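Next come two complexes built around subunit A: one with subunit B, the other with subunit C.
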Partner chain A sequence: MSAPELALRLGAWLTCTVFVLALAALIHRQLPLGRPALSAVGLILLGIFLTTLFLFLAGLLGLLRADSLAVAGLFGLAVMVAVPSWRKSLQRIPHDLSGSVIDLRRFWSSLPRWLRFFSVAAVLVSLLRFAFLIWALPPFVWDSLTYHLTNVAHWTQVGKIELFDTPILRIYTPANYEVLATWFTVFLHHDAVVEAAGLPAYLLALVAVYACARSLGCSRPASWMGAMAYASTPALLLATTGTKNDPHVAAYYLTSLALVLDLAVKRRSADSRHSLSSLFLLAVTLLLAAGTKAYIAHLLPGLALIALLTPGLRRALPHWRERLAEAAAAWGSLGAWTRRSLALLLLGAVLLGGYWNVRNWVLTGNPFYPYGVTIEGARIFSEGERTARLNLARLGNNLESLAGKFGDAAGPIEPDLPETTGWGWFFYGLGLAALVWALLSRRSFPSLAFGFLLSLLVLMLSIRPSPFNMRYLLWFPGVASLAYALWLDDLPPRPRILPIGAATIFCAALALNLATTLNYNRVSLDRFGLMLERPLWERQAALLKLNMPSEYEHAILFAPASEPLGYNVGSNGFIYPLFRANYQQRLVYVPVGESDDCGYIAARMRERGTRYLFVAEGHTPGQIISRVRVCAQDGSSLAEESRGLYVLNAGS
Partner chain B sequence: MSSMQEARPLAGAALVLLASLIALAWYGQGQLIYSLAFLYQVAQTVFPGLPVVRGGP
Partner chain C sequence: MSSARKTLSRLEFWGLLVASTLLMSWYAYPQILFALYSPYELLRLVLPGLLPDLALAANSIWSLPEPPR
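Let's turn to the complex of A and B:
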């Protein structure tokens, strides 16, 4: 990429970022929440939501290109400046920022000196770690290379959000995360920084835990330590730059919890608009989550239980009725334009929450395609290659599996979490003990803990028992972090050994959590070296041989990027690396049957407009690889260009 | 405040800390080698004389 082209692309990205942030600030002002921590949660959430919505609409319209997006962003900014009330609102952004700086100063000055030093060090090291991993390594996590990033690559390549012909049917699953990830590829037309797509969710989760702790009555330092502890959870850290959607679901769960706690704890709002803002943002959060991954539905009963138990079971109904009445009164007091704008935004959230499932329903008759749904043996939706089951036997299996993973003794914590929980040093060290303490000594805590437990149990009714399924539980360590924040505030200042001991264990646990994740626990120094030898624009997923068969490297080296590349992989094979880091390689799926003769395979390739056929050990069914090899050996229609790459014979 | 009432939070805090230390030791049995493996690898490049440990990434 030439320097002027790069500058133009970065300019387009900056324009769109300014547009989305300005819009988020405008809307944020209409949704006062009354508390700085919750306000920060609201702003980050709106940033994620508006970015996703902006790209989603552009994607449906076929405008997913840097130039089109820049024009749309500029147009949006011009409209904001042209409308007098919006312009006035924009002019107040510096004032709002100075208010935020005052809040931050108040927060900072509340921290003891040692915690300030530790926080600066932790934030700096975390930023460096994130930046280095994003910059040094291409994506390599299994699910990303099969379907998450495959969607991102196809959409970036064609400039449009659409389905495409592929054996990986999981591209049909709800894809709000993938839309957001496109923000990190579409402007550069490259995947150099796509691993940053988890960072907004990571930040949201961190601030949401802080806001939850504040709602529980914790002091600022204790809340901050709880939030830092959660943010150091290895499973979360690894998934954040692992281009997976689970950190987003965790962030949406914890954001919902922060909003629910705020509504449930307050006896009466000082400003009725606070209830409206919280309820509005709660709806946006849950809709965004519904369009990200379906398992948020399984977590909802736990949130509902917290909403019921926190104000007290007897008071719950009048309490929530009061909150709703406040919200309705606040809605009535809004100006007509504000009401219309908020209604339009809610419509956008409904679109993001429902589009994927409605599309699947229309196309396949099953909203959850490619998952058929079975509840206690009864088939609810049968269409699909996999089945989502909801039954007690599965709960038993999953709990047994969790017991085996508890304590992470089976092996290193890696991004796919094989046979481990990935909850790390803090959760098992300080978190569990604080959890037991909070359950026994804080009257308000059991309702929260039961909510987390119910979410876990309902989730375990349905998730497939597997060595890798703990990624669905990234939100769970949050409960231990909150218990720890409560415990910290109860810690007697004397004898000094107690606070000093607590601080020492805290720092050690967080440092060990970070050390666990420095290299994803699986990338050796040599592999880093091999990647760093290449310029940034030439670091390819296909070349990072952690879980990558050599066939992918051969495809990058020997298949011409100017011609469509045919491929055949199974339903869990990697496709993403074939697109190349700059998304230049056009791909076409070539279906091949075990009994197809060589002439038929060649005809299929020609019909799909390709001369090349890619297959790979471990990703393409073995019988098909054998079939293609036989065709190359007989030489009548195919020739082997390199390992895994076959080309049509000129005369065939 | 009676000395009994003062002693309760102290005992609670001390118990949590003690439990934490035990839990860390238990957790560390499985995870310590993995948590420090990469840092050790980096240290080996700086100090090539450090002994090679099997089981790292």
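Let's turn to the complex of A and C:
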């Protein structure tokens, strides 16, 4: 990429970022939440939501290109400046920012000196770690290379959000995360920074835990330590730059919890608009989550339990009725323009929350396609290659499996979490002990803990028992972090050894968590070295040989990027690396049957407009690889260009 | 707060600190090996030739299932 082109692309990205942030700030001003921590949660959430909505609409309209997006961003900014009330609101952003700086100063000055030093060190090391991993490595996590990033690559390549012909049916699943990830690829037309797509969710989760702790009455230092403890969870750290959507679901769960706790704890809002803002953002969060991954539905009963138990079971109904009445009154007091704007935004959230499932329903008759749904043996939706089951036997199996993984004794914590929970040193040390303490000595805590437990149990009624299923539970260590924050505030200051001991264990646990995740517990220094030898723009997923068969490297080296590349992989094979890091390689799926003759395979390739056919050990069914090899040996229609790459014979 | 209550409270917190330390010790095997291995490798990079390569020994400690799922 030439320097002027790169500058133009970065300019387009900057324009769109300014547009989305300005819009988020405008809307944020209409949604006062009354507390700085919750306000920060609201702003980050709006940033994620508006970015996703902007790209989603552009994607549906076929405008998913840097130039088109820049024009749309500029147009949006011009409209904001042209409307007098919006312009006035924009002019108040510096004032709002100075208010935030005052809040931040108040927060910072509340921290003891040692915690300030530790926080600066932790934030710096975390930023360096994130930046290095994003910069040095291409994506390599299994699910990303099969379906998450395959969607991102196709949309970035064609400039449009659409379905495409592929054996990986999981491209049909709700894809708000993939839309957001496209923000990190579409401007550069490259995947150099796509692993940063998890960072907004990571930040949201961190601030949400802090806001939850504040709602529970914890002091600022205790809340911050709880939030840092959660943010150091190895499973979360690894997934954040692992291009997976689970950190987003965890962030949405914890954001919902922060909003629910705020509404549930308050006896009466000082400003009735606070209730409206919290309820509005709660709806946006849950809709955004519904369009990210369906299992948020399984976590809702736990959140509902917390909403019921926190104000007290007997007082719950009048309490929530009061909150709703406040919100309704606040809605009535808003100006017509504000009401219309908020209604439009809610419509956008409904679109993001429902589009994927409604599309699947229309196309296949099953909103959860490719997952058929069975509840206690009764088939609810049968269409699909996989089945989502909801039954007690599955709960038993999953709990047994969790017991086996508890303590992470099976091996290193890796991004796929094989046979481990990935909850790390803090959770299994201070977190567990604080959890027991809070359950026994804090009257308000059991309702929170039961809510987390119910979410876990309902989730385990349905997830497939597998060595890798703990990625669905990234939100769970949050409960231990909150218990720890509560405990810290009760810690007696004398004798000094008590707080010093607690701080030492805290720092040690967080340092060990971070040390565990430095190289994903998977990437050796040699592999880093091989990647770093290449310029940033030439670091390809296909070349990082962690879980990548050599066939992918051969495809990158020997298949011409100017011609469509035919491929055949199974329903769980990698496609993403074939697109190349700059998304230049056009791909076409070539279906091949075990009994197809060589002439038929060649005809299939010609029909799909490709001369090349890619197959790979472990990703293409073995019988098909054998079939294609036989055709190449026979020599009548195909020739082997290199390992896994076959080309049509000129005369065939 | 009565002195008995204060003592109880202190005991409670001492208990919690001890419990945390014990729980972390329980968690330490084998996780301490994985936590220290990456920084060790970094150190080897910074001080080439001084520290032995433990890659083979590290690989022999665990064997986990690989995707596909």
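Methods note: the second predicted complex is superposed on the first by the 652 of 652 C-alpha atoms of A that agree within 3 Å, B and C clash if a C-alpha of one lies under 4 Å from a C-alpha of the other, contacts with A are read in each partner's own complex, and residues count from 1 in each chain.
By our rule, a contact is a pair of C-beta atoms (placed from the backbone, for glycine too) under 8 Å apart; a residue touches a chain by one contact, two chains touch by 3 or more.
Keep in mind the model is a prediction, meaning the values are calculated, not measured.
Participant: Looking at A:522, would you say it contacts subunit B, subunit C, both, or neither? Reply first, second, both or neither.
Facilitator: In the superposition, A:522 contacts subunit B only.
Participant: Which partner does A:176 reach: the first (subunit B), the second (subunit C), both, or neither?
Facilitator: The answer is neither, since A:176 touches no partner chain.
Participant: Touching A:429, do we find subunit B (first), subunit C (second), both, or neither?
Facilitator: After superposition on chain A, A:429 lies in contact with both partners, subunit B and subunit C.
Participant: State whether A:462 touches subunit B only (first), subunit C only (second), both chains, or neither.
Facilitator: neither
Participant: Kindly classify A:413 by the partners it touches after superposition: subunit B alone (first), subunit C alone (second), both, or neither?
Facilitator: Both partners, subunit B and subunit C.
Participant: A:144 contacts which: subunit B (first), subunit C (second), both, neither?
Facilitator: The answer is neither, since A:144 touches no partner chain.
Participant: So which one touches more of the residues on subunit A, subunit B or subunit C?
Facilitator: Of the two chains, more subunit A residues are contacted by C.
Participant: With both complexes superposed on chain A, which partner does A:512 reach: first (subunit B), second (subunit C), both or neither?
Facilitator: So A:512 meets both subunit B and subunit C here.
Participant: With the two structures laid over each other on chain A, which partner does A:233 touch: subunit B (first), subunit C (second), both, or neither?
Facilitator: neither
Participant: Determine where on subunit A the residues touched by subunit B overlap those touched by subunit C, and list them.
Facilitator: Overlap of subunit B and subunit C footprints on subunit A: residues 407-413, 425, 428-430, 432-434, 436-437, 441, 487, 490-492, 498, 501-502, 505, 508-509, 512, 515-516, 518-519, 521, 524-525.
Participant: Within their complex, state which residues of subunit C touch subunit A.
Facilitator: Residues of subunit C touching subunit A: 6, 9-10, 12-14, 16-17, 19-21, 23-24, 26-27, 29-32, 34-36, 38-39, 41-42, 44-45, 55, 61-69.
Participant: Quick check: in the complex, which residue numbers of subunit A touch subunit C?
Facilitator: The contact residues of subunit A facing subunit C are 142, 407-414, 416, 418-419, 425, 428-430, 432-434, 436-437, 441, 466-468, 487, 490-492, 495, 498, 501-502, 505, 508-509, 512, 515-516, 518-519, 521, 524-525, 547, 572-573, 618.
Participant: If we count contacts the way the header does, which residues on subunit A are in touch with subunit B in the complex?
Facilitator: The touching residues are 407-413, 425, 428-430, 432-434, 436-437, 441, 487, 490-492, 498, 501-502, 505, 508-509, 512-513, 515-516, 518-519, 521-525.
Participant: Can you list the residues on subunit B that touch subunit A in the complex?
Facilitator: 9-10, 12-17, 19-21, 23-24, 26-32, 34-39, 41-42, 45, 56-57
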